[in-house]
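Each of the next two complexes has chain A plus one more chain, namely chain B in the first and chain C in the second.
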Partner chain A sequence: MYDLMTICKTTYTRVLRMRSLYVLLASVLVLVGAAHLYDELSGGREKELMYDTGAALLSLVGLLTALMVAFDIARDLREKVVMTLLSKPLGRSQYLLGKFSGVVWIGTINLIILTLGMLLILYWEQGFARWDFLKLAFSAWGTMVLTTAVGVLFASFFAELPAVILTVAVYAIGHGTEVLYQNNSIFSQLLFSVMANYGLLDFKDALGSNLYISWKLIVWSVVYALVYSSALLSLANIIFHRRDLA
Partner chain B sequence: MGWRNKLRLLALDDLTLQVKPGIIFGFLGPNGAGKSTTIKLLLGLVTPTKGTAFLSGVPVYDKRSRERVGFLPEDPSFCAYLRAGEFLELCGKVLHMDRATRKKRISETLEMVGLTAKVKTKISEFSRGMLQRIGLAQALLNQPDLVVLDEPLNGLDPYGRKELKSILLSQKTQGKTVFFSSHILSDVEEMCDEVGILNRGRMVVGGRLKGLLPTKAVTLQVQEMKPETMTRLEALTSAITREHHHWTIHLSEPSHKNEACALLREANNQSIEVQTRAESLEDFFFRQIEENNRHRGFSNTSAVGSAIESTGAIP
Partner chain C sequence: MSPSTPKFAVVVLILALVVSMMLSMRIAQRRVVCVAHGPQNIVRAGFNKFLSHIAWMRLIQYRGSLHGITEQEARVLKGKYDSLTDLDPMFDRAYEEGALEIGWQSPNDSLDLLDKAQRVDKLKSWRIPLLAGFIAKNRLNDSSRAIAYLKKADQQPNRPGYVKRFLISLQAQHDFDNDPIKVLHLWVDYYSGGAGQLLTGHGRMPMRDMESGFDSDPERSLALNHIRRVSTKIIEQSQKGILEERNPERKKMLRDRIDQTEKIIRQVYAGRHICPQCFRPYNAGEEFCVHDGKKLAAYGTCAKCKSVPRGPFCQKCGAKND
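What follows is the complex of A and B.
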C-alpha cells in the first residue's frame, strides 16, 4: 500500500505540473465566468444552457484528466523510466495501480472544484441551489474512473498515441452502445457485451430536462463503473506482468 | 537458459553465469551479445521462457531479490518533471527507507556524484553526463550490496569517468559487489577483478582477470630476413612486418619461440631480440570472440554480435 501511495503521489505531482491541465482549468474558468452572457446568447434559455455547459464541462474535464494516465504510463515505458522504478522492490501491480490512483485523485479534485464552482454560479444566476447537479457530478466521477481504467489498460501495451486514441474510441463507442444492441450482427452483439456501457452513467439529458433520477440509480451506475474498472485493471495487470520491459 | 521475445527472435540462449560477492565484475561482449538482456533478466524486467536466475539466493521473479540491488540503466532517463532531490526522495520511498535515512543518504549521494548544487534543478534540464550521475546516485542510495550498471561509462567526460571509477572502487572496498557491462576495455582491465565475455548469448570465457590473461604475446626482431626463411616461418607466425631497418615476427603461439629462434639462427646467424608482453584485455577479447564465432560457424563480419562490428564501438 505504501508503494502504491508513493507512485500515486508522484503521478499526482506529475499531472499537477502538466501545463495542459492549467490551460484546461483556465478555459473552464472563462466559460464559467462568462455565465452572465448566457441570457444574451440563449434566447431566454440561459438556465438550461448554463446547466448543460456545466454538465459538458464535467465530462470534458473528466475525460481529459483520465487521458493523462494513458500519456503518463506509455511515456514512462517509452522513456524507460519504468525500468529504474521496477528495478527496485516495487511490484508491477503497485506501479500500475499507483498511476491509476494518482490520476483518479487529481480527477476527483478537478471535478470537486468544478462542481462547487458550478453550484455557486447556478445559485447566483438562478437564485436557488441545483442540488441535482451533484448527481451529475457523481456520475461524471464514475465515468472518469472508468475512462482512467480504460486508459491504463491500453497504456499497458500500446504507445502514447494509440493508447489515447483507443481510450477516446472506447469512450465514444461506449456512449452509443444502444446502437450496437439494436444491430443484429454477431460483431455488434459481441462488442455490446464486452464494451463499457457509458450510457448507464450518462444522466445529462435527463437531469438537464428536470427529470427525476434517484440517487439509488446514480449509485448503482457508479458501482457498475467501479466493477468494470476493476476488471479492466485486472486485465491490464495481467498484461503488464507478462510484458518484457526491454 | 533461453529467452525469446514475442517475435521469436532469440534474445539470449545458453548463458550460465555466477558472480562472487565483494568483487568488481566486468561483463563484456559485442553489440547484440545479450549483455543488457541478461541485466534486465536479473532485475526482473524481462521474464525468461526457460532457465532460472537468482540474486543473493533469491529468485529474480521475487521482488525481494531487488531490495539490496542498485541499478543504473544504459542511456538513463528518469522522471524529467521531478527535481533531482524529489527524484531521489521517490527512489528512497520505493526502497522503503525511513525519512531520516532518506534525507541523510540523498545528501550524501548527491555530494558523492557532485550534484549537491543541482538538488532543486529539474531532471529535464540535466545534461547526458548529469543524468548518468543522478542515475548513479539513485543506484547507490540505499547502499546496496550489489550494484548493477549497464554501460555506466557512456556519456561521461574524462573527469566523470575518473570519478565513477573511484566510486566503484570505493564500493568494492566497502565489501559491495559491482557488476557492470562496458565497451571500454581499458577501464574494465583497470578496475575489474573478474570478467565474463558473452557472445551471441553464450558465455565464451569468464574468471579472474589475472588468470585469464597469462598468455604472453611474443615478438622477435631481426635485422635481416631471407625470403625462404619467411616461408619457413609462416606456420609459426601470425604476422611478419618490416619497420625501418628491422623485421618484426609476431608468433601465433608463445610456445613457438624456440622453434622460430632456431630457424632464424640456422638461416642467418644474427642476433635476435625477443619481446614478451602480457596480452591486453582488448587483444584477448577479440581473440576469444573471433575463435568463438569460428567455432560456432558464425562470420566475424556479420551484422549483429560480430567482433568486427564491435571494434567500431571500442575505443
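What follows is the complex of A and C.
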C-alpha cells in the first residue's frame, strides 16, 4: 500500500508542478465568465451558453487529465524508467494502480477547482445557485475515472500515440452506444453491456435543457463507471503481468 | 493460466464485468425515460449541446448576411436548422424561428421542421403545433392538417385560451356546411368549460352578467359572441332553406335545426328572455331590442299602465301586480 501511495504521490506531484495547468484552468473560468458578453452573438442565449460551455469544459478537462496516464505509463515503458522502478520491491499491479490513483487524484482536484469556479460564475451571472451543476461535476468525475482506466489499459500494451488515440476513440464511441441498447437484437444488447458506455454518464444535454435527473441515477451511473474501471484495471494488470518489459 | 497471471485480477475482472453488464442495462433502462430523444440522435462525444451553441451563433451570422429569402435560400436554411436541431433536439426556439423564416417560401419544409420538433419526446410546447397549424392553414390551405396540429397544441400544458378558439374557429369553418349544430356545440362546450357542462348548470352565464349579456370572463365573452354569431347564421340559413326547399323531409330537418339552436341558446341564458334575432338577453319592460331594433315580447310590466313595477304594487298607477 505504501509503494502504491508513493507512485501515486509522485505522479500527482509531477503534474502539480506544471504551472501551465493552473493558467489553463484560470483561462477556462475567465472564458466561461465572459460568456455574458455573447448576448448579441448568441441571440439572447448567453446564460444557456455559459452553462453548457462550463459543462463541456468539465468533460474536456476530465478527458485531458485522463489522457496524461496514457502518456505517462507509455513514456515510462519507452524510456525504461519502469525497469528501474520495478527493480525495487514494487509489484506491477502497484505500479499501474499507483499511476491510476495519481491521475485520478489530480483529475479530482482539477474538477473541484473548475466546479467551484463555475458555481461562483453561474451564481454571479444568473443571480441564483445552479446546484444541478454538481450533478454534472459528479458524472464528469465518473467519466474521468473511466477514461483514466481506459488509458491505463491501452498504455499497458501500446506506445504513447496509439494509446492516446485509442483512448479518445473509446471515449467518442462510448458516447454513442445507446443506439445499441435501443436496438432489440440480443447481440446489440450484449455488445452494449460489455462496452464502455460513456453515454450512461452523460447528462449534459438533459440538465442543460432543464430536464430533471435524479441524484440516484447519477450515483448509479458513477458506480457503474467505478465497477467498469475496476474491470479494465484488472485486465490491464493481467496484460502488464504477462508483458516482457526487457 | 500462466503462473505470472495474478489470480486475484482474473477474479476481479470477471466479477466486475458481470456487475457492470447488469448495471449498464439497469441504468440505460432508467436513463431512457429521463433524457430527450429526437428523431435523429447524433452523437458528438458528449459535446452536442456546446456544439449546438456554435451552430446557432453561426446560423445567426448567416441569417444576418441574407438580404431576402428565396426558395433556394429557404432550403439552405432548412438544412442548417436541421443540423442544429439534430445536435440539440430540445431547442424549441430554433424550430419556431426556422419555421417562421422559411414558412412563406417553403411551407412544406417549414412543416417538416415543426413535425421533427413534435417527434421529440420531452419537448412539450404548445407554440410548435400552433405554428404548424397556422402555416398549414394560411400557406397550404389544408384545414384538416391544421386541425390535427391544433388538437395537439390544445393538449399541451400552459396553452393560452386562443389555441382552443383558433381550433374551434377552424373546425367551424371546416364543418359548418355539413353539421352546423355540431359547430354550435363546440362553442357551447368551450363556453361552458367542457362537453355536457352546460346541461349540468355549471357553464351557465352568471346572474350578474345577465343584464349586459356579456360574460365578465373575457374568454367566455368571446365564446358567447361566437355562439350568437353561429346561432344567427344557422337560423338565417335554415329559414332561407325552408322557403326554397321543396322536399318536406328536408324542410322538417331545417325546422328541427332552428328548434335545436333556440333550445341551446335558451340553455346558455338559463331561461332569460332573449332577442330572437341577435340572441342577447333583454330587460323587463323593453319592447324593442336595443341592439338590433327587433320587436320583443315585453315582460314584467304592469297590467294597467305598462310601466315596470319595482314592488308588488305599481309605483306609477298603484295597481297590484302578481
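The rule is short, and it goes like this: the second predicted complex is superposed on the first by the 216 of 246 C-alpha atoms of A that agree within 3 Å, B and C clash if a C-alpha of one lies under 4 Å from a C-alpha of the other, contacts with A are read in each partner's own complex, and residues count from 1 in each chain.
Assume a residue touches a chain if its C-beta (ideal position, glycine included) is under 8 Å from a C-beta of that chain, and two chains touch if they have at least 3 such contacts.
Note that the coordinates shown come from a computational prediction; the quantities given were computed from them, not determined experimentally.
Within the superposed three-chain model, A:R242 lies in touch with chain B and with chain C [touch as defined at top]. When the two structures are aligned on the shared chain, A:S221 is found in touch with chain C, with no touch to chain B. Look at A:Y2: by the touch rule set out above, it reaches chain B but stays clear of chain C.
When the two complexes are overlaid on their common chain A, residue A:S59 makes contact with chain C while staying clear of chain B.
Of the two partners, chain B and chain C, it is C that touches more residues of chain A. By the touch criterion defined above, A:R17 lies against chain B but remains apart from chain C after alignment on the C-alpha atoms of chain A.
Once the two complexes are overlaid on the shared chain, A:L191 sits clear of chain B and of chain C alike.
By the touch criterion defined above, A:M83 reaches chain B but does not reach chain C. In the superposition on chain A, contact is made by A:I213 with chain C only, not with chain B. The contact surfaces that chain B and chain C form on chain A in the two complexes overlap at residues 242. For chain B in complex with chain A, the touching residues are 5-6, 11, 36-37, 40, 43-47, 63-64, 66-67, 69, 71, 73, 75-82, 86, 90-91, 93-96, 135, 138, 148.
Interface residues of chain A facing chain C in the complex, by the touch rule stated above, are 38, 41-43, 45, 48-49, 52-53, 55-56, 59, 93, 143, 171-172, 175-176, 178-179, 181-182, 189, 192-194, 197-200, 202-206, 208-209, 211-214, 217, 220-221, 223-224, 227-228, 230-231, 234-235, 237-238, 241-242.
By the touch criterion given at the top, residues 2-3, 6, 10, 13-14, 17, 79-81, 83-91, 242, 244-246 of chain A touch chain B in their complex.
Looking at the complex, you find that chain C touches chain A at residues 2, 4-6, 9-10, 12-13, 16-17, 19-28, 30-32, 34-36, 41, 43-50, 52-53, 56-57, 60, 88, 90, 93, 122.
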